[in-house]
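Note that chain A is present in both complexes that follow, paired respectively with chain B and with chain C.
Right after this comes the complex of A and B.
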């Protein structure tokens, strides 16, 4: 379990991560999403002990991660930009990581490289951007660590490779209880593989919840008002536990984003005096948009 | 074995549950047939194994499948389920007929339509 407690990190006067508290459970995949500059990469780098938090602490399996080399062999960090010695090839990197990660599976790694059609003797400098990402993803999976941290790993991979990588993660979750934290802008892909989602914005957490309950709790409803009634007359008395996240008028057609229990919302609309209503669950992308829009009007609250 | 619709807005586990229910009720999967293992299904669909686990738990809760520890999941006897599903279906039909009466659709019109649909299928 990764516990991030009140962590803050500044770069000069820019608050990259501002008092974030998050819990990442074991044997689950945690998706880190957020607006550009929200602090996703900074947070991942702090979990990987590349940056030191200015305030707060990060506890992995009960131990503080900062300056703790034995803990470091428990996770593998795949950074957005790959670092490797000049002139190195994949074989060299395997050797290199073997010395750090006792559980590194060399045999599996070489066979995966072959399946992905990556030549282990060729210089990595000669690889394309996507091939480098593939290589480090394979190295990360084969490192045999309990935790895998991926910074925008899906972004930049082709659809076939993305499916394969997701299958690899699924397999290792089953086989050895792999826990992974994946930051990405590809929300569609995250929906397939994540148990939980954390949404960051301007260094803070907007929400962190199980994907299923998120999807089951937010709904888009479209309804048409009867001729002689206004929205206020028809849509009075919002039931307990339901809140309006967003509302849009187009004459008699009203679109609302609602948060709350599906059955409650249904019975509310059935009781209303309206011509027609339709309710659809939100996609992760729509959740992202509606949640960031919600705070867009009071950005100050997040910063200060 | 099942296909996921990536444009479907429902959570994936709901889709998986529903697809298997259809396969079982339609008799494609018969009583005693073994279900694919969680791992093989998760890797073939490229989805989170916890999602599949959750779908299987739901199927088990709804009596569509049962689990033998160490051996996997198997399709249950669905006779009682079939009766329940039929009852549900007729309930939905009642609602439709009621809606139809608002649109002045007579029972005769409905029979006629069903007969034609039956012929063409």
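Right after this comes the complex of A and C.
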């Protein structure tokens, strides 16, 4: 398990990560999402022991990670822009990582490289950006570590490769209990693979919960008013345990994002005097937009 | 761990070791063979030449190459401290940071020791072929050892610069600033002032009442690798007589004094760099300095030193140009000193902030630097006034 306890990180006067507490359970895929500059990469780098937190601690399997090579052999970090030695090819990297990660599966790695149509003898400099990401993803999965940390790895992969990588991660999760922490702006992809989501904004955590729980608690409802009702009248009498996160109206069509129990919301709308209502499942992207809108981060605030 | 960190990837260093070997070979054994062949061509007794003069000795070009290699090797080994992608890669590996530092440091030394040893063996062979005595063989070994120690000292010093700076360009500029400029300025000031004023020479030689300007530059000079190498070379050169022979006993005595000194100095320096390495914040990679607390002190230090040096020199130049009237020195001296203070101080502000409009960000600091600079650099002219 990865425990992030009250971690803070400053870059001079700027607080990149502000008192974050998160728990990442074993054998799950944790999606780290957030606005630009929220502190996702900084947090991942602290977990990977690249940055030292100003306050707090990061504990992996009961031990503090800072300068702890034994614990560090349990994870593999894939950066958004991965470094490789000059003139190196995939074969060299395989040999390199074999010496640091005893569980590295060389045979599987070469097989995957062949499946992904990546020449192991070709210099990495000759690969495109997407191919380099594929290569490091394969190396990370084949390292045989307990944890896999990915910083914006899906971004830059084509749809077919994205599906393939997701399948590989899911397969390793089932077979050997791999735990992955993936940060990405591609929420559509994360939605398919993640069990839990952590949403960061301006260095803090807006929410951290299982994806299913999030979807159970947040609902998008569209309804059409009768001629004789105003939007305010129709939205009166909100039941206990339900709150309006966001409301928008176009004439008689009202769209609301509500937080609360689904059954309660259903019964509320059934009791209302409206023409029609429909409950639409929220995507992760819509959850993201709703939650960040609550703290004032939305399109209208930025542009106008 | 060391084996995993270095030896498994030694094939990546073979090219570098090869280049160093060829360079060292050309400057040591090839030039040696050239002087031997010249001697043989003149029909003289070669074994007398080899046993009587110190042809297996330090050469200027070789010393210069040793210093240059230390600059390059420190950069090669610790380059990852200046590259964000590389530092992410290195620090995410399951290796202790202490081991990373030690393996890189030792790697740099091993890249040099192999060419040194190979060339020393070739030197033994050449000396043996031409009838050199055991004394000369021992001298070859001692010279190689001293050159190696000089390399380690310079290399350790350069590693300090790599750790202190966060950007490769800043590393190279600071090496030049710290090594070349004080060395040149001390020599220039010494030569110009001493040649002009006989009284100055007496003061400088006695060490009593040396102007602060000169003393400050000498103090910086003392800590730079270039100073050590230059003055060491000068000290040993002076042992030659007009026939090109020298007193071996005196030579060995100097060498044996020098070796413990350089070993102690290097060990102290190594301790400092190891402690500083542990204090580095990874996020400062790519910045001008790894330790942002040093920005202000360094800015003040270099502004004052440069102002003193340029002020002293410009005042002298003014006097050479206008020997008739002393009063014409003052405006020239004032203007050049003020200009140098402003330019150096502003350069550092731009370097640290990246914006030209912030050059007056620390006005009080600029005023203080100006005051200190004038107080130090006016001293030589007060001495002049005293003696005239």
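The rule is short, and it goes like this: the second predicted complex is superposed on the first by the 295 of 304 C-alpha atoms of A that agree within 3 Å, B and C clash if a C-alpha of one lies under 4 Å from a C-alpha of the other, contacts with A are read in each partner's own complex, and residues count from 1 in each chain.
Note that in this section a contact is a pair of C-beta atoms (placed from the backbone, for glycine too) under 8 Å apart; a residue touches a chain by one contact, two chains touch by 3 or more.
What you are looking at is a predicted structure, and each value in this text was computed from that prediction instead of being measured.
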_Quick one: is A:81 in contact with chain B, with chain C, with both, or with neither? Answer first, second, both or neither._
second
*Based on the superposed arrangement, let me know which partner A:264 touches: chain B (first), chain C (second), both, or neither?*
neither
_Under the stated touch criterion, which partner chain does A:191 make contact with: chain B (first), chain C (second), both, or neither?_
first
*So, does A:8 touch the first partner chain B, the second partner chain C, both, or neither?*
neither
_Contacts of A:105 with chain B and chain C, given as first, second, both or neither_ = neither
*asked:* Contacts for A:73 in the overlay, against chain B (first) and chain C (second): which applies, first, second, both or neither?
replied: second
*Would you sort A:45 into first (chain B), second (chain C), both or neither based on which partner it touches?*
second
_With the touch criterion stated at the top, can you tell me which chain A residues are shared between the chain B interface and the chain C interface?_
none
*Over in the complex, which chain B residues touch chain A? Could you list them?*
6, 9-13, 38-39, 42-51, 54
*asked:* With touch defined as at the start, can you tell me which chain A residues reach chain B in the complex?
replied: 27-29, 163-164, 166-167, 170-171, 173-175, 188, 191-195, 211-212, 215-216, 280-283
_Complex contact set, residues of chain C against chain A_ = 4, 8-9, 12, 83, 85-89, 91-97, 99, 281-283, 292
*Give every residue of chain A touching chain C within the complex, in rising order.*
11-12, 45, 48-52, 67, 69-70, 72-73, 77, 79, 81-85, 96, 99-101
